[in-house]
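The structures considered in this document are given below.
In what follows, subunit A forms one complex with subunit B and a second complex with subunit C.
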Partner chain A sequence: MAFTNEQLERYSRHIILKEVGVKGQKKLMEAKVLIIGAGGLGAPAALYLAAAGVGTIGIADADTVDISNLQRQVIHSTPDVGKSKVESAKESMLAINPEITVNTYRKFVLAKNVMELIADYDFIIDGTDNFPAKFLINDACVLAGKPFSHAGIIRFKGQLMTYVPGEGPCYRCVFKEPPPPDAVPTCREAGVIGAMGGVIGSLQAMEAVKYIIGKGKLLTGSLMTYDALTMEFRKIKLPHRHDCAVCGDHATITEPFDYEQAACELN
Partner chain B sequence: MADLPYTIDAEVDATDVVCPVTFVKAKVALEELDDGQILAVRLNDGEPVQNVPRSVKDEGHQVLKLVDNGDGTYNLIVRKVGD
Partner chain C sequence: MKITVAGEKKEYADGTTVAQLIVAEDVETPQYVSVSVNDEFVQTDDFDTTELKDGDEVEFLYFMGGGAFALGETR
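Here is the complex of A and B:
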């Protein structure tokens, strides 16, 4: 595949980098990334991956754009209110980079469809806002042997970690089980500072890019936390657990399953 | 710079683009070559001639010669170093 002059210009700031170069840019153009959730985290991740020329981007979300989303979900605009989030996200991505392919999945990601959904992708970004979905995505990615980026944001705090099969812990190694429904407030109830999605979602895009080009060190084996009020990033080393229910030596989870959602979540 | 004998293995015209795409074109062409092969890059006078030789050196390649074509363009002769 030869680059056109326009592609050389579009991706020039990438190709100039020793760590990317022509080979890395071609890898990006051949890569397939699935983003689950077109919200605070998924918005910046999707925009940066589209801009980077990631050849195929899948985006899954069942919701429609609400005016209360616009304070942080920068992939959607005021005229998009009422439109499906995946369609709105697709339009924004293609406006930045018409060369890429965007696959939309307007559905909740559940045990019955998650394996099929992730099967075609090289890397998965968890941009969801609830624990049942996070555990589901973790279990599915572990079972399918897919790398993924976990992240969560609330108030002025954010966290992320990266799972790569065979390298370090999975999300369940670290958190074991979801908290009981309603024990932890969602960001709808607790609030979240808009730029937090920008910080953490962009870091998720960065992890995806590094995984694809095969350069640098990923957040495998550690959880990164960010506190915007104290302006502190922390990197906490975490081991793989041999007794993990999904990736341990005697795993008891052999297929994905759904946890009960907090009552308000699916409305 | 002493004149070394060389044969050109590949040529690229970077007079149809501006910096930094001039260097990007040179870099793309170099990536297609094997270690030790020679690339001729045609550059416009001015900024490209200032920047591209330095940039290819920074990447570890060897600049053999800058030939003035007498028409406002130069041919930069580079030996690829590394694979």
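Here is the complex of A and C:
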């Protein structure tokens, strides 16, 4: 694959980096990344990966754009309100970079479809906002041997970790089981600063890029936490849990399954 | 004894357990927090019986979903 002059210009700030170069840019253009959730985390991740020239980007979300999303989900614009999030995301991504292929999946990610959904992709970004989905994505990626980036954001805080098969603990090693739906007193919004999605979602995109070009150190075996109020980033070492139900020595989870979730979390 | 809690050096009485530390540190969702001591997870069932030692490094790991959840706050 030879670069056109336009591509050389478009990606010149990548190509000039010794860690990327023509070789790394080629890897990005041949890579396939799936982003689950076109929300606060998925929006910046999708925009940066599209701009970076990641050749195929899948985006999964069942939702439509609501005006309350626009405070943080920068991939959607005011005229997109009422439109499906994946369509709106695709338009924004192609507007930035018409060279890439965007696959849209307007559906909830569930045990019955998750394996098929992730099968074609090299790296998965978990941009979901609920624990049943996070555990499902973890289990599916561990079972399928796929690397993924996990992240969560709330109020002024965010955190993320990266799973690569054979290179450290999975999300279930750290958290074992989702909290029961009734552990959350109400489903009222706890709120989140819009830029938090920008910070943490961009870090997820960064992990995907590093994984694809094969440079640097990933957040495998580490949880990075960010507190915007104190402006502190911390990298906490994560041990592997040998009795982990999905990646441990005697794993009992052999196929993905759905946890119950409160009805109001499904929107 | 001196222990390190979430990166900060702190003074605690000898024999303080993980469960007592969780209370003293005012961890908001104690039943759902994951705890590591010197880079090893402590089983939730062992919080009451695990005594901390001088020099231990303790980390609390919190659930964090998206913008629609109230879990994951420390205080």
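Note that the second predicted complex is superposed on the first by the 260 of 267 C-alpha atoms of A that agree within 3 Å, B and C clash if a C-alpha of one lies under 4 Å from a C-alpha of the other, contacts with A are read in each partner's own complex, and residues count from 1 in each chain.
To be clear about the criterion, a residue touches a chain if its C-beta (ideal position, glycine included) is under 8 Å from a C-beta of that chain, and two chains touch if they have at least 3 such contacts.
Because the structure is a prediction, the values reported are computed rather than measured.
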{"item": "Contacts of A:Ile153 with subunit B and subunit C, given as first, second, both or neither", "value": "second"}
{"item": "First (subunit B), second (subunit C), both or neither touched by A:Ile100", "value": "neither"}
{"item": "Subunit C versus subunit B, contacts on subunit A by residue", "value": "C"}
{"item": "Subunit B versus subunit C as contact partner of A:Leu34, first or second or both or neither", "value": "neither"}
{"item": "Contacts of A:Arg234 with subunit B and subunit C, given as first, second, both or neither", "value": "second"}
{"item": "Touching both subunit B and subunit C, residues of subunit A", "value": "none"}
{"item": "Residues on subunit A engaged by subunit B in the complex (per definition of touch)", "value": "3, 5, 8-9, 12-13, 15-16, 18, 21-23"}
{"item": "Residues of subunit B that touch subunit A when the two form their complex", "value": "16-17, 20-21, 23-25, 27-28, 31, 55, 59"}
{"item": "Residue numbers on subunit C that touch subunit A, as the complex places them", "value": "6-7, 29, 31-32, 34, 36, 39-41, 59, 61-73"}
{"item": "Residue ranges of subunit A in contact with subunit C within the complex", "value": "37, 39-41, 72, 128-131, 134, 152-155, 157-159, 173-176, 179, 183-192, 223, 234, 236-239, 241, 265"}
